[in-house]
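After this come two complexes, each holding chain A, first together with chain B and then together with chain C.
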Partner chain A sequence: MTVKVRFFARFRELLGTDISVEPENGTTLTDLVRGIAKKNREGCDAIFDPEGNFHKFVILMRNGKRVELRDAGSTVVSEGDEIAVFPPVAGG
Partner chain B sequence: MLSEHELERYGRQILLFGKKGQEKLKGSEIFIAGAGGLGSPVSIYLAVAGIGTLTIVDNDTVDRSNLNRQILHYDRDIGKEKTASAEEKLSQINPDITVKVINKTIDETNVLQLVGKTDGIVDAMDNYPSRYLLNKAAIKKKIPLFHGAIRGFHGQATTIIPGKTPCLACIFPSATPKEVFHVIGATAGLIAMVQATEVLKYIIKDGNLLTGRLFIWDGLEAHAEEIKVEKDPRCTACGLGKTASSERRRE
Partner chain C sequence: MIAIRKDDVDIGRLIAAAKQHGTGAVVVFDGVVRDDDIREMELEAYSEVAVPELERIAQEATAKFSLLHVDIVHRIGRLAIGENILVIVVSAGHREEAYAGSRFIIEAIKAGVPIWKKELTKDGSRWVPGEHAHGLGKTK
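Take a look at the complex of A and B:
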């Protein structure tokens, strides 16, 4: 199974984007993103809190549909999914 | 009515949307929250387009480190109130419009009064707590909010029409921690131009507004895309969560 993960803004600066991964069946959205983010400490800290949960401000989308953060740990990814992960950009 | 002088000044855009469109711009009033990176180019382009009244709010003074992006302010303005600097430049750029400035920090107690009766609110703030105040004011007064934000080579924008589109808190329910953000002036300029174009379209009623869509710009990749955004029925600013959170406050 192939899934594409797209990071935006600060997350993209730290982790790159359009990352193709081949997760095992049953992988959740949280595990998927954590698996990629842990390659870069700063990237991981930008997205996850010290307990390993998504920071409250993180926006998650799966195939263009918002996924609530509280559901990310129980949402299993499927073949061809496109996952978008982004922070609100704040400057002005 | 437009004067001979105005017909000449705005001739090239009157070709685009007619005297009627220009009169609409002249009769409109836009509130710009912030005279910084986004507020500078937004106000300049709305001024030259002939928006009748621009109200600009900011409580900051010009710092040398602002000058890489805040193009309303010049080297000689360092230490001056941004509002005074903005008023001076904008009235020189277009003496035919009215520029009002308010040297205040927008807060919960004054936001409704400061926004007043306006046709649109431009979000040119640099933090989410202030943006949420503008969002609430926009919802309460049913005034469109033209959102923009920047960081580094990245930016985002969307147009919020209260009651019709998702509000800012539907899209971004939680703020990122405050930081000194890195940025280039060109990113501010690009996002500000999206906002200014939206304001003009809204007033002359042309085209498709950037509603229900978040425009996302990546300058490093020279790539723009948009993400569909939806109303959150439980939103604390415009949805069911609104009553829930005021209930909680009462408790």
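Take a look at the complex of A and C:
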């Protein structure tokens, strides 16, 4: 299974973007993001709190649709998914 | 025109195109890079989500305020002080609808379209904090 993970803004600077990963079946969105983020301490701290939970301001999307943070731990990723992780928006 | 792009836009042409039959007012919002002791601004977008979101906002504003025409052009890339960041052109039969429609669109963009700004200063850079941590694309 191949899944693409895209980070934006500050998260992109810390962790890169358009990252192709091959998670095992049953991997949750939280596990997927944590697995990438833990490779960079600053990036991990930017996204997760000391308890390992997403910071409340983090926004997650799966295939262009918002996933609430409380659902990330029970959302299992699928073949071809595009996961986006980003901080609050600031356009305009 | 609804677009996210690097190139600037000819506002005069947008105004001309906005003058549809029945137009009594055209309102232009032009957001520009402010000189907040910065050198330049760098913008990035999640375009695959941001463009459909801009289209949805334009449709909602059109229905809500009886707009006759809507253009939204948001720029990305590196922009100098004074350059256009966001151009919104709306037309309506009357000024009340045109002003209200324009205001609705800019506030909706700030609340929920995945675009980010980074200010480049002489000492480094800083990301502009978002005003709405939880505004974007709430799960329906």
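Details
To be clear about the criterion, the second predicted complex is superposed on the first by the 88 of 92 C-alpha atoms of A that agree within 3 Å, B and C clash if a C-alpha of one lies under 4 Å from a C-alpha of the other, contacts with A are read in each partner's own complex, and residues count from 1 in each chain.
To be clear about the criterion, contacts are C-beta pairs under 8 Å (C-beta built on N, C-alpha and C of every residue); 3 or more make two chains touch, one makes a residue touch a chain.
Being a predicted model, the structure only gives us computed values, none of them experimental.
In the superposed model, A:K56 lies in contact with both chain B and chain C. When both complexes are overlaid on chain A, the residue A:V5 reaches neither chain B nor chain C.
By the touch criterion defined above, A:V85 reaches neither chain B nor chain C.
When both complexes are overlaid on chain A, the residue A:V77 reaches neither chain B nor chain C.
In the superposition on chain A, no contact is made by A:I36 with either chain B or chain C. When both complexes are overlaid on chain A, the residue A:V67 reaches chain C alone and has no touch with chain B.
By the touch criterion stated above, A:L15 is placed in contact with neither chain B nor chain C.
The intersection of chain A residues touching chain B with those touching chain C, taken from the two complexes, comprises 8-10, 12, 56-57, 59, 61, 64, 66, 84, 86-92.
On the chain C side of its complex with chain A, the touching residues are 31, 43-46, 48-50, 52, 74, 85-86, 106, 109-118, 127-139.
Those residues of chain A that touch chain C in the complex are listed here as 6, 8-10, 12, 56-57, 59, 61, 64-68, 71, 84, 86-92. On chain B, the positions that touch chain A within their shared complex are 34, 36-39, 123-128, 148-152, 154-156, 171-176, 178-179, 181, 183, 188, 216, 218, 227-230.
In the complex of the two chains, the chain A residues touching chain B come out as 8-10, 12-13, 55-57, 59, 61, 64, 66, 84, 86-92.
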